[in-house]
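Data block below; observations after.
Chain nomenclature is as follows: A, B, C and D, assigned in order of appearance, with residue numbering initiated at 1 for each chain independently.
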Amino acid sequence: MANSKFEYVKNFEQPDKLLPNTWIVVRIDGRGFTKFSTKYTFSKPNDIRALDLMNAAAKAVVTELPEITIAYGVSDEYSFVFHKTCSLFERRSSKIVSTIVSTFTAYYIHYWSTYFPDTPLSPPLPSFDGRAVCYPSVQNLRDYMSWRQADCHINNLYNTTFWALIQQGGIDALEAEKMLKGTLAADKNEILWSKFNINYNNEPAIYKKGSVVFRDYELVQPGTHNTAAEVDQQAEQVQQSKNQAEKDKKSRAKAQVVIEHLDIIKDEFWDQRPWLLSNKPGKGKALKQT
Amino acid sequence: MANSKFEYVKNFEQPDKLLPNTWIVVRIDGRGFTKFSTKYTFSKPNDIRALDLMNAAAKAVVTELPEITIAYGVSDEYSFVFHKTCSLFERRSSKIVSTIVSTFTAYYIHYWSTYFPDTPLSPPLPSFDGRAVCYPSVQNLRDYMSWRQADCHINNLYNTTFWALIQQGGIDALEAEKMLKGTLAADKNEILWSKFNINYNNEPAIYKKGSVVFRDYELVQPGTHNTAAEVDQQAEQVQQSKNQAEKDKKSRAKAQVVIEHLDIIKDEFWDQRPWLLSNKPGKGKALKQT
Amino acid sequence: MANSKFEYVKNFEQPDKLLPNTWIVVRIDGRGFTKFSTKYTFSKPNDIRALDLMNAAAKAVVTELPEITIAYGVSDEYSFVFHKTCSLFERRSSKIVSTIVSTFTAYYIHYWSTYFPDTPLSPPLPSFDGRAVCYPSVQNLRDYMSWRQADCHINNLYNTTFWALIQQGGIDALEAEKMLKGTLAADKNEILWSKFNINYNNEPAIYKKGSVVFRDYELVQPGTHNTAAEVDQQAEQVQQSKNQAEKDKKSRAKAQVVIEHLDIIKDEFWDQRPWLLSNKPGKGKALKQT
Amino acid sequence: MANSKFEYVKNFEQPDKLLPNTWIVVRIDGRGFTKFSTKYTFSKPNDIRALDLMNAAAKAVVTELPEITIAYGVSDEYSFVFHKTCSLFERRSSKIVSTIVSTFTAYYIHYWSTYFPDTPLSPPLPSFDGRAVCYPSVQNLRDYMSWRQADCHINNLYNTTFWALIQQGGIDALEAEKMLKGTLAADKNEILWSKFNINYNNEPAIYKKGSVVFRDYELVQPGTHNTAAEVDQQAEQVQQSKNQAEKDKKSRAKAQVVIEHLDIIKDEFWDQRPWLLSNKPGKGKALKQT
């Protein structure tokens, strides 16, 4: 039974390498999570167990794949960023996307019982889809991240007000929707404050800002140099000495992967953490912490 | 905080619709399963628990996604076939691949404890990658399936002999490799028989043939008509009446998804099950069985 | 001045091979031909010199590229069809499209003075753009060809009536447009006949049917066998003996490339010329003609 | 004859938009120019008529398509660069490539008799193929341009020596090839000087440097600002006021398109002409010249 006469079918595989020297963002989304969150009676507007589970899965993904420089999550979605010099899987799109989606799913299912100890999973199981997008410049990448965090803010303010109206205001979903139609952020803040004595600013940062996952090093004084400009002008994968590459790898392995809820739209976040854009490990914080 | 100034980043998403009127095959592969199988001490050359787990996950995928007409698995890989008229997710490659990979992974993790009750999973967790390939003609599709099953046969005969030499023959891996270098199928059969009294033909079909997963209906008498030719000449998605589509959907939902270990290289398998190529549900077998 | 430090830029080239075992159609279109036809005072609704020039250029393209099995042209557009087994330029899309467009343009400019002896070309020169599309089945390909010819008919009937109203009816373009809005084919036929005594059926075939360019062999009796089904079921490039390939090449070189104005929507055209779908040269007509 | 039943074939067209915010380079190459140059007895190693014809065609392309910021040509190839903010034809690859190739071919054929007045063209006519490549950063783009110019230098030094050996040294091609095998640039310079009294540095710049085509404005003092960094950090198409866009368009139309033979590897060329990277028209030189 010779295999050779069938092997021509391999020629139908189409290459899908992502353009070199561009930032790769893989965004994954929960499939049918509206239905899923009802099945497992997630709290509204936010379920802290569900968010913590998403974050735990994302942290595992970032830990297993050191090529990821930063990840940002909100609700049932997560974006994973690969540095523009990354050559993981020869930058094959399907391979990168499927690996992220599969690893994330594995941990989501595995950790479920930790965060939902009283409600075991049953089929149909939760799953995620994903896609990869390339961004040529640092500004494009930061605008992508800002887009997701701005979206988080807009949705969370809406949902917080919407569910306050229902849960505390006693009106139904249709009425709440009608009442919020056309309102600005200020209006929603006002409704929250005047009707329910809620100061939106005091809401938990994880709800307002979403979650950022990254390797942590010592913060640097902003303004000392322009990482973005340097990185944008970088033309290709920097050829490092073997020694340096080995050192970087160890630094990364030692670095703690953290989950924070910070503003990633303003410059400060990026200026203080130049390693996120430069891909050069910072000074070890881990050692100091011990 | 207006979102609009960031939304331009959506324009960087590149469309990835797969060519219409072609068969879509999504193949997934275990990532680093050599190491993984060592960690969980899988039996060699085949671990029935691991294969049963793969099959259970694949069956769940086929059950959840009725657009899949057939799936074929061997070792740590599985191929899922979508009919050429399928319009799931508008045929977007990333969406299709990531959904399959994620759903499969979810069930693999979820069912793990059923098949490996004594060895709980621990990080790093098993995961899978995947890719989609389009095949224009029925012959291309069948040659793809034949390629995988021929590969299964070749590898299994090799592995069976290799491990017999080690486990029963008491030689080490290097010697076994050397002994098998350049041997033909007949030689390996001979080694198995003469040295270990193993008749390869009597090995379990699941090892020799791999596993086929599909919706089961009543077999038809082969030769009554040429499904392949009809399907090849089909130009686009057949416009069905709403009634017919509804009926088909019900038939599919009622049909039992089965796991078999049959020869899918020869015509017989396909001739007896015209629904696999035609995408028209067959006669209900389920009812008869009750 | 070593070149090697710059050569990494080659890695940014993305492969663009068209899916194997599918028909490749390259359609080219005149750029800004409305303006161009005004500059050179083309006759309306059809300029026979301009059409003959298009056909001469297309015939040269088909003659130079024996991998083209058939071409169809109407107005300022031309579609070139490569057989599904074609491996020209490893099926690279850019290479195929640019070669067709460039060769066509070269002959269009070169032959201009033959068809427009009194009006020399001056910048800006006429040019064409193009794209490639893959069609998996014979039916898809034939439907594509039918689409273009049906379009030719619809446009020509409209334009014939529109210009008759203006040139013979003495009304202006706006009035003519208004009068034709919402009319059916029968209405336009009626206008032509009752107002201008024109029987549309007697219009020249080149205007009504467009132009088909192909290698001509002896017609065969239709119904003797089903070429479409055979070709659809073909899985890959047929491995020919060297002898056969050489013979085929000679047959093709000897065959006359003809320009006809036939109905390519009905089966007859294709049934009588099985070589167009099978890619096997027919019986030499050329010899008989001498 | 309704067209609607065929129109589904349009769905087989695959989008091919090039990634936004990246530099687009379209390189075209003469097809079979070795044979072609023999047919028309081009001088070796360089034929000034053939190069002038290439340059004239390229200049016409740049003039007709103001979206091109710079073009570089050597031998029978030409590279055309579109600014990274360019949105011509919605950045569709096929459309961009085919338009460039067709326009270039049209002028090549049209101007042939100007540069080769005594040798009229005859079929098979010269033609060109082309492809588009995206470059994310200014450095990538400049490295691409440097790659082509370094290639020009390497080839021209080789060819100059090779043909001197044959034409003046009286040896045959095989011997010349053998003699040059493994030689460095210095060796070739030495051969030229010692054997043929040729100082390579005195060879015409068009042979040594190739040809650069661009819109010319007043040179600026280098070092006043960092255009590359600014452009790299640009995130998307700058939204200009209508007034500004109109002004820019007029500036561009007025600007003279020039053909130069300068070093484009060193910074000076780019520093003195910031408009090439910034896409903002410089100060009008044309006015001063009158």
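Keep in mind that, in the parts below, a contact is a pair of C-beta atoms (placed from the backbone, for glycine too) under 8 Å apart; a residue touches a chain by one contact, two chains touch by 3 or more.
In UniProt terms the chains read A, B, C, D = tRNA(His) guanylyltransferase.
Since this is a predicted model, take the numbers as computed values, not measurements.
Novice: Among the chains, which one keeps its Cα centre farthest from the Cα centre of chain C (tRNA(His) guanylyltransferase)?
Specialist: Chain centre farthest from chain C (tRNA(His) guanylyltransferase)'s centre: A.
Novice: Determine which of the two chain pairs, B-D or A-D, is joined by the larger number of C-beta pairs in contact.
Specialist: A-D
Novice: I'd like the Å distance between the centres of chain A (tRNA(His) guanylyltransferase) and chain B (tRNA(His) guanylyltransferase), where a centre is the mean of that chain's Cα atoms.
Specialist: 32
Novice: Centre to centre, by mean C-alpha position, how many angstrom separate chain B (tRNA(His) guanylyltransferase) and chain D (tRNA(His) guanylyltransferase)?
Specialist: 50
Novice: Go ahead and note the Å separation of the Cα centroids belonging to chain A (tRNA(His) guanylyltransferase) and chain D (tRNA(His) guanylyltransferase).
Specialist: Roughly 43 Å, centre to centre.
Novice: Which parts of chain D (tRNA(His) guanylyltransferase), given as residue numbers and ranges, touch two or more other chains?
Specialist: 8, 12, 14, 19-21, 134-135, 140, 143, 235-236
Novice: Line, ring, star, complete or other: which describes how these chains touch one another?
Specialist: complete
Novice: Tell me, which parts of chain C (tRNA(His) guanylyltransferase) touch chain A (tRNA(His) guanylyltransferase) in their complex?
Specialist: Chain C (tRNA(His) guanylyltransferase) residues touching chain A (tRNA(His) guanylyltransferase): 8, 11-12, 14-15, 17, 19-21, 235-236.
Novice: Okay, in this complex, where on chain B (tRNA(His) guanylyltransferase) does chain C (tRNA(His) guanylyltransferase) touch?
Specialist: Of all residues in chain B (tRNA(His) guanylyltransferase), those touching chain C (tRNA(His) guanylyltransferase) are 19-22, 84, 134-140, 143, 228-229, 232-236.
Novice: What does chain D (tRNA(His) guanylyltransferase) use to touch chain C (tRNA(His) guanylyltransferase) in their complex?
Specialist: Counting only chain D (tRNA(His) guanylyltransferase), the residues touching chain C (tRNA(His) guanylyltransferase) are 1-3, 5-10, 12-14, 16, 28, 31, 60, 64, 92-95, 97-99, 101-110, 121, 123-135, 140, 143-144, 146-147, 150-151, 153-154, 185, 265.
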